[in-house]
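Everything below concerns the one structure shown next.
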Amino acid sequence: MKPVVAILMGSDSDRTMMEEGAKILEQFGISCDVKVLSAHRSPKLVTEYVANAEKNGTKVFICGAGGAAHLAGVVAAQTILPVIGVPMESALGGVDSFVSTLQMPAGVPVATVAIGKTGAKNAAYLAIEILALSDSKLREKLREHKVEMEKAVREKNK
Amino acid sequence: MKPVVAILMGSDSDRTMMEEGAKILEQFGISCDVKVLSAHRSPKLVTEYVANAEKNGTKVFICGAGGAAHLAGVVAAQTILPVIGVPMESALGGVDSFVSTLQMPAGVPVATVAIGKTGAKNAAYLAIEILALSDSKLREKLREHKVEMEKAVREKNK
Amino acid sequence: MKPVVAILMGSDSDRTMMEEGAKILEQFGISCDVKVLSAHRSPKLVTEYVANAEKNGTKVFICGAGGAAHLAGVVAAQTILPVIGVPMESALGGVDSFVSTLQMPAGVPVATVAIGKTGAKNAAYLAIEILALSDSKLREKLREHKVEMEKAVREKNK
Amino acid sequence: MKPVVAILMGSDSDRTMMEEGAKILEQFGISCDVKVLSAHRSPKLVTEYVANAEKNGTKVFICGAGGAAHLAGVVAAQTILPVIGVPMESALGGVDSFVSTLQMPAGVPVATVAIGKTGAKNAAYLAIEILALSDSKLREKLREHKVEMEKAVREKNK
Amino acid sequence: MKPVVAILMGSDSDRTMMEEGAKILEQFGISCDVKVLSAHRSPKLVTEYVANAEKNGTKVFICGAGGAAHLAGVVAAQTILPVIGVPMESALGGVDSFVSTLQMPAGVPVATVAIGKTGAKNAAYLAIEILALSDSKLREKLREHKVEMEKAVREKNK
Amino acid sequence: MKPVVAILMGSDSDRTMMEEGAKILEQFGISCDVKVLSAHRSPKLVTEYVANAEKNGTKVFICGAGGAAHLAGVVAAQTILPVIGVPMESALGGVDSFVSTLQMPAGVPVATVAIGKTGAKNAAYLAIEILALSDSKLREKLREHKVEMEKAVREKNK
Amino acid sequence: MKPVVAILMGSDSDRTMMEEGAKILEQFGISCDVKVLSAHRSPKLVTEYVANAEKNGTKVFICGAGGAAHLAGVVAAQTILPVIGVPMESALGGVDSFVSTLQMPAGVPVATVAIGKTGAKNAAYLAIEILALSDSKLREKLREHKVEMEKAVREKNK
Amino acid sequence: MKPVVAILMGSDSDRTMMEEGAKILEQFGISCDVKVLSAHRSPKLVTEYVANAEKNGTKVFICGAGGAAHLAGVVAAQTILPVIGVPMESALGGVDSFVSTLQMPAGVPVATVAIGKTGAKNAAYLAIEILALSDSKLREKLREHKVEMEKAVREKNK
């Protein structure tokens, strides 16, 4: 099965975090490809990857990076597919990561989500919401997930 | 034509900014509905709007708000459609607006874009990228737009 | 005894902190109800809870939440009772939590207190000060508490 | 009519802002006393004022101050009445004002509201919510105000 | 020997830090009094202490406090002696502590030093520099200390 | 009359601000020398100035600088006299100025005061408090000034 | 004359600022090429430019960009020449610009200078210092410039 | 072999970090001198060192310092050689360190790199890039290093 979502990350040290998103995609039956691809240490690999991914049917990019987090922006510069940016935690608490992911110029958006593990998960949920627009089964699963979340809260108070 | 994108904003004072996004959607031939709907001063209207929008074929929400910017999060809590948050400029430079838009808990993502006018535009581009996943004409227009942006840069240097 | 104060929190992980406030209310003989209620994962439960609480005699809401901390604001949007917001510690040191609690628009105030455990306690003290306005015994206890605090300082220096 | 709310401010330059709150109290028929009283330049006057206010039936303090904003905290140290702090805008965007208002130690709470004019207004609304707990007419007016806010939003979209 | 320097701190938990300064004063042969005195929990004790200290020959106040750090400002409001403020570390990294110590209004200065242990030490050195203005032996010791610091650096590189 | 206080500033553009302090010193009858001396563009002049000032009876240095504000620290490194640092306003609101003035290492204190004009004034008041320790007339004037400040507040409320 | 320094900027709106640097290079007799080249809107043009520049004898890159300022990092990823990054002022005061320029991963440095106009100038001075390492005439000019800066300070005090 | 790069640091506690840079220089065959030299505790030693280094053929300075990090600026004030500043981590997450390194006035640039260990490494890489401008073997090694970095990324994904 060709991957529908590409999960890229700037460094191997981001892998544990970013795989939180991969697990959620798997639970929703969405295939994904997880790769370490640095915008700074391997810019050509990023360019190659993005070009191939588009051809092979990737529909959404999820890019996790920290510090001067350029990966999401560099991918967004080279594709017309939606790019979701996950700012990794950093020495500055992730502030550097998220402003360098968020503050993109007009015409080249990055859909930024929360810092760290929460963001890695929410990138997956956001990708699912996007894919669900043309997939009624996925929509059904998302609705169930919303019901489950509410139920879980209800359980906590019993 | 039923609106495909709903552009909501917390206050009438955000209108000039948010209409920057409406113009871009229009250029790409996407119908949208622009409404002032405060999560704090009119919570029921928000709930009604979200419920109706889903039924009437809205596919993407764009929510602009400033300060304790809860609108995008409150909408995201009530829908499984993608929600894009635009943090408005504020007394704190928009810092309050974007952290309260960005830092959503796992399971309820908001796709946050840049602060202010740039973000209002990028929310529209992001919505178009999302809608283009199942619309080849829109994809073509996005590709042309990317070529145009590069051309404009090239022109600047002549 | 019907709860006079409702202590709500966005996540089960906030419970230890928020129960610091419950203990203080108990010491002052004020009944309270402690519930996990997420504005994002269970918005309807929040709406139901607020509606019922008002009917059942709740007088003050204390809402603890972190990150994009919308709980206090969402409750404040639906009640005319005083709402006290406790910003939880977070990856950003609680900065996201307190600006998204504090920066509410005109007409929908949230009484924000300090970050974390200190805030959880002070939310209780603030609730007591509010309730004491129409309860002379409570006023007496507060005066004693103020005397005790001074005594404790005096003791430290012996 | 003896003032029920005391609006204090650290400097004459805060007056225009703080009077926004006085106007709202007036609209709700609540008497208030507006005074410039610096915690730093006139500490004894603050002590005198607080002692007298308590005796004369003041029920809520609203204290606006900027920079090293100590006024609310200094008042809170000397009273068991609820103290609402309004952080004024400053050279640092009001960040100094609100952290020095918000981060009070356990036992001496300050109910902090938004920065600047919005905060001055919300301090008044919060005071009204507090006073309404033992005043059914005031509750009625607050309910009407909430309905009005929603109506105003509805009007904006016509 | 009557204390020449008063070292005050807002909370017992600041004691280890603040005693770093006491040690340095002792090394320079300056008597000091170390007290826990909260501006918020014991405002009258602060007022009493400041009045007595002035009478008894105290020449410099050193005040350590964290969070909404009002102690130095409250002391400065009541004395014409130099007041040195030491911002304690806090949940916000000490940012709240130092802006609420530093940003005093015109006419009521606080000499703010670095956050935490370094500040506790430098408050002592600053007090010594101030006292040395009218004490030639102290000046001599300070000169020796400066030479020693340079020597220590020189040693590090051998 | 030999200057007792040296007011140094990193740039000519700081002069208007720093002269606010000179005026206050003049009102208290304290002679001062006002000089533009950049730690970065004229390090030798700074070294010469500090060496001469000590010999000629200067007792307190006031150093105003912005951005990477090193002037106060560089002066403090070369003298045992008290050095007061005034952080100038900057593109970053003065945050860069004050952390680079405040966060000095142990052994080399800088007495930091508020940002900008308020700080320029308070540097003067702090210098006066320091000089007043060995000058009873100055102490008297400071006491009168404190009384005047209180009176001014009292007048505001008439 | 082939350009020795390439001054690139992310947007035409940065031109006035960045030309401050061009003027300084000109004064030192260093040829430079000034181009608008967005890392996000024209990534291929950046790649082409960097490849050609290296072949044509460019020795230093100066890259100005604001917001999610990726230009310097993207250039650094593709060259082994020194890259100097100038963070432009932004809605967030330039904080986003400089952290996304500064916080590069190990192996791909960007020499970051001050925000805005000062940085644009200092980027030029830094480039000159670098080029002067193998150009004794340039070294002489830099020494003269240092003397001139000191002289200018001396003049200010006459 | 005379040192080509001088690695200076403000405190012995920075040594482990700064030696990361020394290792990299060694790998590239560049001699360096590592010294602890505080701008504040040993200003004369800094002046002496800089004067001698220039005479003895040092070409690049790398200066690591934390807090009010003046070392790089103080060195830059006394040399026309390129100065690279490494902001050390601090109680404020390194924010104080990097703004006091970065925000230098026009005419006296400091090439600032990332905070902490990453910065210590990148200072070395930047120095190598600078030295490689007149050393073709070094250029070759840098190109190999770039290839190696890409290869390492490629390996991670196998």
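Going by the order they are written in, the chains are A, B, C, D, E, F, G and H; count residues from 1 in each one.
Everything that follows uses one rule, which is that a contact is a pair of C-beta atoms (placed from the backbone, for glycine too) under 8 Å apart; a residue touches a chain by one contact, two chains touch by 3 or more.
Owing to the predicted nature of the structure, the values given are computational and were not obtained by experimental measurement.
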{"item": "Chains touching both chain C and chain F, listed by label", "value": "D, E"}
{"item": "Option reproducing the contacts of A-B, where over half of them reappear, out of B-C, F-H or C-D", "value": "C-D"}
{"item": "Distance between the centres, which are taken as Cα means, of chain F and chain B, whole angstrom", "value": "50"}
{"item": "Chain A and chain H: spacing of chain centres that average the CA atoms, whole Å", "value": "35"}
{"item": "Residues of chain F engaged with two or more neighbouring chains", "value": "38, 41, 67-68, 92-93, 95, 102-105, 107-108, 110, 114-115, 118, 149"}
{"item": "Which pairs of chains touch, using the document's own definition", "value": "A-B, A-C, A-G, A-H, B-C, B-D, B-G, C-D, C-E, D-E, D-F, E-F, E-H, F-G, F-H, G-H"}
{"item": "Residue numbers on chain B that touch chain A, as the complex places them", "value": "59, 80-82, 84, 98, 102-115, 117-118, 121-123, 125-126, 129-134, 139, 142-143, 145-146, 149"}
{"item": "In the complex with chain A, residue positions of chain G that touch it", "value": "10-11, 38-41, 43, 67-70, 73-74, 76-78, 90, 92, 95-96, 99-105, 107-108, 110"}
{"item": "Complex contact set, residues of chain H against chain A", "value": "89, 93-95, 114-116, 118, 149-150, 152-154, 156-157"}
{"item": "Chain D to chain F touching residues, read off their complex", "value": "12, 35-38, 41-42, 44-45, 67-68, 91-93"}
